[in-house]
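In what follows, structures are represented as structure tokens.
Each of the next two complexes has subunit A plus one other chain: subunit B in the first, subunit C in the second.
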Partner chain A sequence: MTLSSDTRPADGTIAGQNAAPVLSARNLSLYIREGRNRIRIVSDVSFEIAAGEFFALVGESGSGKTMIARSIMRLLPASMLEIEGDLEFCGKSLTSLPENRMRALRGGAISMIFQEPMTSLDPLMPVGRQIEETLELHSDLNRRQRAERIETLLTDVRFAEPAKVAAMFPHELSGGMRQRAMIAMALANNPQLLIADEPTTALDVTIQREVMEIIQRLRRKYGLSVLFISHDLSLVHQYAERVGVLYGGVLMEAGPERDVIGRSAHPYTQALLNCAPGRRVAGERRRGIGGTVPSPRDWAPGCRFRDRCERADAACANSEIPVKDLSPEWRAKCLRPTE
Partner chain B sequence: MIQTSQTATMSARDVCKTFHRSNGWFAKPSETRALQGVSFDVEPKEIFGIVGESGCGKSTLARVLVGLENQDSGSLSLGGRKLFGPGMADVPPVKRGIQMVFQDPYASLNPRMQVGEAIAEGLAISGMARSEREDRVAETLSLVGLSPDAAQKHPFQFSGGQRQRICIARALVMEPEFLVADEAVSALDISVQMQILNMLLDLRDRIGLSIIFITHDISVVEYLCDTVMVMYGGKAVERGKTADVLDNPQDSYTQTLISSVPRL
Partner chain C sequence: MKFDFLNLKFIIGAFLLGFVLFLALFGNLITPFTANKQSLMDSLLPPLSGGHILGTDHLGRDILARMISGARVSLAIAASVVVISGVVGVIVGALSGYLRGTWDLVTQKIVESFWAFPPILLAIAILAFFGQSLTNVILALTIQRWIPYSRMSRAQAMVLRSLAYVESSRVMGGGLAWVMRRHILPNLMASAIIVGTFSMATAILAEASLSFLGLGVPPQIATWGGMLAEGRSYITRAWWLAVMPGVGIFITVLSLNLLGDWLRDQYDPKKTLNLI
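After this line comes the complex of A and B, so read on.
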């Protein structure tokens, strides 16, 4: 299989201009089936993640972040989630991949960590044994090699006593330790792409920083690409190289972090940045955004942000909103982005 | 018009609370010393933040203040009135003048009850006449930015942010001198979170509400709170004006905490 991980250099310096992206989503739309109805929850989303790159998807709740992650992993049955458009992993279509090939990728070349580690750790099995199971599934290491690999992995996520942790059950670990154990498990088979869905949201900031630093270090060490999902703009600002901003299942703005966060062009991104709390100078208030995030059942044609947008006018309600290129790698879906 | 006394200082002294937990039949019971002598003062009209890592005792402190949990020792007074302390019976929750708002606006509203009834529940218990209750509910709803016809609706008809407004209205209708908010904006979308934070600032300005605001989010404290107390392992390790503590933390845990916060 061309997806094997041993073709990658270990130093992670492979983000060449012409290399195929590790992940590309092209005109991705997702539909949830509810009885006889089909509800579109993600509309026409396109983005690419290069080798070794840290790409963040940010958005408020219900914007479709988790659904995009799950569609990549195909963690939802086709009877529930319908995928339109294309998802490619290292140049190969994932949407048309048969389930048995997908199973080989999942936990192998692509792996995922979740907000609540307890949902993906087996409470009845020691941590080391759980890592060993994914090694058995995806590699042909013998028993001794597996034991060595488990030790390396647990050391990589900064456990001082890997052997001791390997013998422990998930409930004996703190939240941060569990999240680190899950990262070790996700990295067991040298994935090329790590999908992290709000991996630190349930953690204290001090532990959040520890976990983020571990992800960063492993990214450098193994040339890992990361799809990082978050609602925390300051976290994304700190760690992401490129950012996509989702609202109501639509990718509103995408590009390098220094553009999207640093000098955002889209009214929604700007408004979102204005919602981030922080010090108030001379009693001044942040305005925030009035109204609430619309649900997929209430989406009307036109721009999904228009009820809450200060720049909206009649055209925003009627027309198909174009995607404007602000630079070769920065774009916004808006009739009136800041130039 | 809903008013608060605007003069009551809250003083807590050496509040202690230990939980005892049995670990099955044979294991030794374990104890968690959730509060180990916490003291602080909150001035009238002050917004007082409490931060600290998960499990450091923030919620336990909040529950002790409002009377949902009994302290082991220590004392609490509000405007010279003793609420608990050595040699006296604890003042029951309804008579304390302290109301609480919780993190989860979904779990804390009865889905079968109309919003108006839910808000007026405490007033009904205290024996207020129906028409007066209805007036008070309408007034409180407008105070939190909801229209009076919300009273006839059910919780499921509201978004998360609106439900949190309802919970805050339910607390305010009792005309508390103090509001204790435990992670009250943590479950909300950030666009909605800012609306609630601004509403709390307005309530302080308009009716002189004093607020104890518990959160794990330092940037929220920075925005909202005049004063902050940092807790660690059941103790208050640092306390001061928010800007002073953030700019010049003295305690080593506070230093770690503040340096870990990602910044925009």
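After this line comes the complex of A and C, so read on.
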């Protein structure tokens, strides 16, 4: 995983990963079109996800994490969202892929689950039928093979009576059950990459854990890479192997979880961790982060966090904040990270 | 979805519509007369005289036989209009709501310009231009009637496209045709059927108006609107000439409105508890 403002080649600095990354974003910038103007919502983000890796993108609302996920799937037409830089999936560029090839990837090699389990399933279709659709789109299985596959998938996501669940309509299932059904649907065609966009945000804590455990177990079982998008730092701490911290569309700090969360160097990551319940030192008062996230319209040159940062000074308003290597795998985009 | 068939609206609506349908399909078994058989000796006979259940008109034609012919014309025209305009309107509207962009802009301008015409005037213009025939009446009525469907479908498709299951179908690799067929159209059907029921009622009224003005189907075919127009001049001497077709129109439109109302209630998620 690299974080850079200069073009850093996908070199061998990634320890223990010799295979090509499943997903790599290099100098990725995203723009939203608004009439004749375009607004930059993600600037120069670079990261890689290795095969079988659990990678988490963390950030506040509006930091651009969901937009990055959508851009990987290319869900928004080029007339609305412009992609600059490189997005590669298993060495193939996603940005230049024609729409029909992209469609073959969606739900095939790349899958996605969403935040809203309550609306993620078509209310008019039994659950099994909906999973079957995904199989029809991407495989040549016949009816009986599909039925068998659906049963395996539903068993994989811990349904005790898969055949019964397959015949049920979404309104008969609880939120957690629906999210599990969504996971089954996402895994139907053995994807290599699962994008999970805040999959547990709408669920209560016990169900959250169950869903996370299922994702984790299936990741190990099938060697799946996971791009986990969340603002829940405790989940990230528990499950992620690598973490990228986004703020205002900029990747502020990235590296292994034990570094980024364990002994974070960037003042923004530290401030974020300070807000998290349960992680403060006894006796110390929990602090929020003063101020608000700047709107993409008001982005000025220099560090985007400087107005809210305790360590900021005049130099932080410089147009280019360098990326500092704190270890071969751990980097922070800050003038004075904690060493 | 559980339908409540014991509802008064449904019972009355279904009974009345069933009655009209029965007349249209099996009316020939009730009366020995045919719609255009004239007999000047028997002109203006009141109902229940000389074997004529509903009486005869100024040319001695059996009113019941003519009512049956009118029921056939009305129902056939209204049904074709509703089906054609429904299919066109739902597809156009669902596409503009789902795709947005240029397609939406273009179709919405077309919709607005069609909507700006007084409906009956547009129909008259078309019939005057293309001439009177069954197909032209259907065309004249269809040309505006697809608009409510397209507006409703557009609004619904705009809501649906932002719902996670439609997006997740795209995420799973579904293309435009796939998402439309599997998720958008099935979810529009309930509303389209409700719009269709009400639209059928107004189509029957519109067809009767055109026939009344002498612009509907060719005059040799008996229609309710045409009978109404002919009966108008005899209204003081023989009330049944105008009242009978009026009752026919009234019953049919009422039954469709009742059924449409009932259907809408059935699909209304807020009305889960029905105490009637």
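Heads up, the rule we're going with is that the second predicted complex is superposed on the first by the 313 of 339 C-alpha atoms of A that agree within 3 Å, B and C clash if a C-alpha of one lies under 4 Å from a C-alpha of the other, contacts with A are read in each partner's own complex, and residues count from 1 in each chain.
One rule holds in what follows: contacts are C-beta pairs under 8 Å (C-beta built on N, C-alpha and C of every residue); 3 or more make two chains touch, one makes a residue touch a chain.
Values in this document were obtained by computation on a predicted structure and should not be read as measured data.
Chemist: Is A:204 touching anything from subunit B or subunit C once the two structures are fitted on A? First, second, both or neither.
Modeler: A:204 contacts subunit B only, not subunit C.
Chemist: When the two structures are overlaid on chain A, which partner does A:119 contact: first (subunit B), second (subunit C), both, or neither?
Modeler: second
Chemist: Of the partners subunit B and subunit C, which touch A:60 in the superposed model: first, second, both, neither?
Modeler: In the superposition, A:60 contacts subunit B only.
Chemist: Given the touch rule stated above, what does A:335 touch, subunit B (first), subunit C (second), both, or neither?
Modeler: neither
Chemist: Where does A:271 make contact in the superposed view: on subunit B (first), on subunit C (second), on both, or on neither?
Modeler: It touches subunit B, and subunit C stays clear.
Chemist: Check the residue A:104 against both partner chains and state whether it touches subunit B (first), subunit C (second), both, or neither.
Modeler: Touch status of A:104: second partner only.
Chemist: On the A-aligned overlay, A:175 touches which partner chain: subunit B = first, subunit C = second, or both, or neither?
Modeler: first
Chemist: Using the touch definition from the top, list the residues of subunit A that touch subunit C in their complex.
Modeler: 73, 75, 79, 100, 103-108, 111-116, 119-125, 133-134, 137-138, 182, 185-186, 188
Chemist: Spell out the part of subunit C that touches subunit A in their complex, as residue ranges.
Modeler: Result: residues 101, 163-175, 178, 182-183, 186-187 of subunit C touch subunit A.
Chemist: Touching residues of subunit B toward subunit A in the complex: what are they?
Modeler: Where subunit B meets subunit A, its residues are 53-54, 159-162, 189-195, 197-198, 201, 216-220, 222-224, 243, 246, 256-257, 260-264.
Chemist: Going by the contact rule set out above, which residues of subunit A touch subunit B in the complex?
Modeler: Answer in residue numbers: 60-61, 175, 204-206, 208-209, 231-235, 237-239, 261, 271-280, 285-290, 292-293, 308.
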